[in-house]
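Note that the chains take the letters A, B, C and D in the order they are written out, and that residue 1 is the start of every chain.
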Amino acid sequence: MLINSTFPKSFASDNHAGVHPAILEAIAAANTGDAPAYGGDDWTAVFEDRIRAEFGPSAEGFAVFNGAGANMVGLALMLGRYDAVICPSSAHIATHEAGAAERLLGVKLITVPTPDGKLRPDDITSRLGGIGNPHEVQPRVVSISQVTELGTVYTPDEISVLARTAHEEGLFLHVDGARLANAAAFLDCELRDITTDAGVDVFSFGGTKNGALAAEAVVVLTPSLTAGVPFLRRQSLQLASKMRFISAQLSTLLMDGLWRENARHANAMARRLADGLTGLPGITIEYPVESNAVFARVPTDAATELLKRYRFHYWDEKAGLVRWMTAFDTTEEHVDEFLDDIRKAVGS
Amino acid sequence: MLINSTFPKSFASDNHAGVHPAILEAIAAANTGDAPAYGGDDWTAVFEDRIRAEFGPSAEGFAVFNGAGANMVGLALMLGRYDAVICPSSAHIATHEAGAAERLLGVKLITVPTPDGKLRPDDITSRLGGIGNPHEVQPRVVSISQVTELGTVYTPDEISVLARTAHEEGLFLHVDGARLANAAAFLDCELRDITTDAGVDVFSFGGTKNGALAAEAVVVLTPSLTAGVPFLRRQSLQLASKMRFISAQLSTLLMDGLWRENARHANAMARRLADGLTGLPGITIEYPVESNAVFARVPTDAATELLKRYRFHYWDEKAGLVRWMTAFDTTEEHVDEFLDDIRKAVGS
Amino acid sequence: MLINSTFPKSFASDNHAGVHPAILEAIAAANTGDAPAYGGDDWTAVFEDRIRAEFGPSAEGFAVFNGAGANMVGLALMLGRYDAVICPSSAHIATHEAGAAERLLGVKLITVPTPDGKLRPDDITSRLGGIGNPHEVQPRVVSISQVTELGTVYTPDEISVLARTAHEEGLFLHVDGARLANAAAFLDCELRDITTDAGVDVFSFGGTKNGALAAEAVVVLTPSLTAGVPFLRRQSLQLASKMRFISAQLSTLLMDGLWRENARHANAMARRLADGLTGLPGITIEYPVESNAVFARVPTDAATELLKRYRFHYWDEKAGLVRWMTAFDTTEEHVDEFLDDIRKAVGS
Amino acid sequence: MLINSTFPKSFASDNHAGVHPAILEAIAAANTGDAPAYGGDDWTAVFEDRIRAEFGPSAEGFAVFNGAGANMVGLALMLGRYDAVICPSSAHIATHEAGAAERLLGVKLITVPTPDGKLRPDDITSRLGGIGNPHEVQPRVVSISQVTELGTVYTPDEISVLARTAHEEGLFLHVDGARLANAAAFLDCELRDITTDAGVDVFSFGGTKNGALAAEAVVVLTPSLTAGVPFLRRQSLQLASKMRFISAQLSTLLMDGLWRENARHANAMARRLADGLTGLPGITIEYPVESNAVFARVPTDAATELLKRYRFHYWDEKAGLVRWMTAFDTTEEHVDEFLDDIRKAVGS
């Protein structure tokens, strides 16, 4: 069982990376005989404590398998049968979760075009015209991604304003935080600054893209929304029987700042890549590089050439737009080697 | 992070056990740098080969996170909007998956009372009266559990007859195989004898209860049903991004007969427990012990006494019926110690 | 366009009857030029007043197209994503609405076998064992049919006790009142005696089987449940654009006791039929005749003979059980002619 | 029961109109004693014949209650669990059916902005990039409205090209024909020219807005899609028990060209209104007037003034855009009186 070794470090996704050694060790360490199933174990108690330590005493964390699962469980808490979600057109829930929101939740996503993946207050208030009209779905949740799908990051203030706007209209604020760690690392702030203290109601906290094997959390900050999680997590196929092994992953990330260390490193590698691209002929960076993603327009010939050796994806092939992702295990050498090949490909 | 050590070996569930060392090693061994996400990796290719080796060249295996996920993805392949599933009243999908079948699939489960968790051909044919009647749901799938929720096992012939009955009526046969390994170990047959060769269309193959961390498979034997799996697995929140770590678990179980070794051992421990119960005053075994479960009626006082020290569940508290499960890591000493305490509890 | 006139009066269903002349007149009278759509019209205001007059000042009535629609809208008001409904196995929502409850509401129906279609308090309390267990659906609504599918009727006291039992456990009581008028006529009570005053939360009030063209109402008695109706009615495809013509039908039934007159007559015809069956060889009446249905066991030869001339349905063909329904327009002559032919068929 | 008579003829909606006398007569004429329920009656047989006469021998018509019902049943025939619908952003199914598509069908609507409510072939082909990608929903149906929500009309050629484009990509073409009659009247063509002969797979044919009380049809032109209709219609709460009264309405519209007469008249009244607006200060017509709708930008003061006397809706209040609808019973006098008041309101 050997991985194809003809490819150098992947720039396709932070999901191509493996598991951080500390997390693998934590999994092994949790394998000490019996433990109650479904979360009644000590590792899950520790995880729940870590969530409260990080996000405040009212925060309740629930471990799940993957990001789409975290989003669906989190959203389900807040949505009735005729409610709708306002989100950017680029939202992961709207584009890359195979219609789970519509199929599993039965909700309409009111998608808003944005220049950079970030929702503005006016994007909310301008979508509320149908409130009270029985012919229209009723907006109930605003969902944003932090980091956005375009690699950009909301400031704490921006999130606060969105939360206030949502709450004033009787809506909840949900954050898809598959890369929340990368956002906090970029902002050099605490996780709670962009969640609890910004007025978020429910968010997902991603572990997998940040070094875990498969571990995400639904975190509920608004206590009235908590009661349904156990039932919705089970029904949504997101309840791990041997949960200790999921919880141990999350606890490890949340302990001693490993989440920040991994995210900061991945961000730095994207920064290094972006800096190296400066001035290369035919290459332009499309969005501000604020996390571990670089979106760049690249000449077709160069992209074709690079794809012979490297793994990465077109974001918009017609536009010549590619997405290059770094991970916790991307090294300076990986980036520099890649930059060398990019330079060759563009004839620089 | 220490587990509560005041309890001896749990007899509550095979989910209380940890991870088999070989599986933990396989996970660690898969952590060698990059791999494509979502199943494009070498470990998943190996897993798919192992499935074909075990179940025949038409078998297609798809790794998922958990048993309810495997059931929902598998059933979704066969069910249209007004179709229904015929299953025993005791079926896991009907009793312990939090209504996922109704909510996520939108289907009615036509539940049939059985004496022992096993469906008979007449249980199918007697439920087909509404076919063609637009006021009634249309049976499309027969779903059985192998091992059943009551610990009993279908013979290959019994499954063949159910498959033939289903197919003659235009229905598919689905098997919830969360403990399929235990059934094959009990029958001392190949896995394919109770699946491929018995005419099953789709089944789930459980890893978690048999020593994995979190790994199950949806296996499709009827090729016309395969095309939808990738989409339904994604939509059902069951697509692991770092899939190699799930695939590696399943491959390990399927290699060198580890699945059989683990299951055989767990079954033997249940047998040992059942044998030890023989003749104890006030204790009767409720169902044939054919897997790793012992269902026993126990005097209330004795059960209360035992629950002070041991973890196990009442199956039907009013009836004084308990379920004792063994696992791959239950030892003879565990069983004998438990039997000692049972004997004391019943004053024998 | 002529109806097949070779059949005498149908005993198959009260849906085979036409429209009561007063209702047809009311429809024509409502056709006076413009009226606001979707319920903003005067006829709907009158209907809403009639509902309050009949069921009390807190009652809110909402007109819909058909019985299944009334049931689904009514139940949707009370059910969250992981909630379940306890109902008799014979319930219309469980047997003859083509899986709408599972598909449209996503809920599990916990069906309880009953001897006569009527639920008892113990049928509720014995199904609550899974409350709080995240692996199980959570009972939230008890749904009964008044008249039941077997033609039997709950007394006001029986409903009160069910309501109290449900409420004590935090559940709601829903009544499928497709034939509520027949029940009140049989009990010689007011409609409110078996709804408002008995503690019902939400019920449907059927017009179609009692002489309307197509008109049913969802009536909400628990004010906190009202807000969702307009949205759920629209989403459930049950909002009539030219609603005045639905409302006018319901108002006519609710005016001057037409509902009671029609129901009482239909009931009397069933009574006359049942009385005429007494002592006929081989014929036994299966359930108490308390409404406009007679369930009888009939010798196969006789049933076969009768089906050559008459329209009616087997309820259970293997058991030789037939259902004979009467309607507002069944006459004594219809019944007597039918009885004559029954007597001949059984050789009496 | 008197309608508020202080308002002159409504220009708010063709749903404000009453029932055409011929249709009311047909309903009364169908009230001749018994008829089998659920469509087994003679009037429904006649309706089915009329559908075949109008749309060709393969056309199968199914009567339902309302337009949203016709759309949901029609779409359900073509959509699997991970399929999606491509439609204009202005589509009724996307904007004014309270999220029924997402909730009842579980599908994502891929909405395409258009200048005039009309989809172009490129709007289809440019949305197919995710086909085969398990992270994305799979487009399966193209749904257009004829007449569009903006009052515009597709030519037979335009529909043919859309059908060909859809079919080449393995998609179906669905038409929301709530105002199909108005389109055919405008085009002066047969109904089959814009449905059967243009390659449409499934469409809804609206009766209510064209003079019926409450009657629409789902018409299936692709025979392989027909089998599911009875079950889906029942499950979708759209099966009328006394169906003869729905069928009779539709047959009347389809007999002797009443559908065309009513639609042509309504269209002519919109034309007359639009012509009368020409040159009025501050008033501009927004979309080509091709049916019974006039979309006009009107000075705020004038609109406010007119709303004191007349019923009509803003389409976009901020933009000063109003929608004025005519109906089968709008008279020249109604239009001229309205024009007089408009002229006064704009000070002309």
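Points to keep in mind about this one:
Methods note: contacts are C-beta pairs under 8 Å (C-beta built on N, C-alpha and C of every residue); 3 or more make two chains touch, one makes a residue touch a chain.
Bear in mind that the values here come from a model prediction, so they are computed numbers and not experimental data.
Each step here moves to a touching chain, and the least such steps from subunit A to subunit D number 1. Looking at B-C and C-D, the interface holding more C-beta pairs in contact is that of C-D.
Repeated interface: A-C and one of A-D, A-B or B-D share more than half of their contact pairs by residue number, and that pair is B-D. One finds 33 Å separating the Cα centroids of subunit C and subunit D. Averaged Cα coordinates give subunit B a centre that lies 51 Å from the centre of subunit D. Here the spacing of subunit B and subunit C, counted between their Cα centres, is 42 Å. Looking at subunit C, one finds that residues 38, 81-82, 97-99, 103-104, 106, 134-135, 231, 234-235, 239 touch two or more other chains. Subunit D contributes residues 1-4, 7, 9-10, 12-13, 15-19, 24, 27-38, 41-43, 46, 65-69, 72, 97-100, 103-104, 208-209, 213-214, 231, 234-242, 245-246, 248, 251, 311, 329 to its touches with subunit C in the complex.
Chain contact summary for the complex, subunit C toward subunit A: residues 38, 76, 80-82, 106, 134-135, 138, 228, 230-235, 239. Those residues of subunit D lying in contact with subunit A across their complex are 81-82, 84, 95-99, 101-104, 106-109, 134-137.
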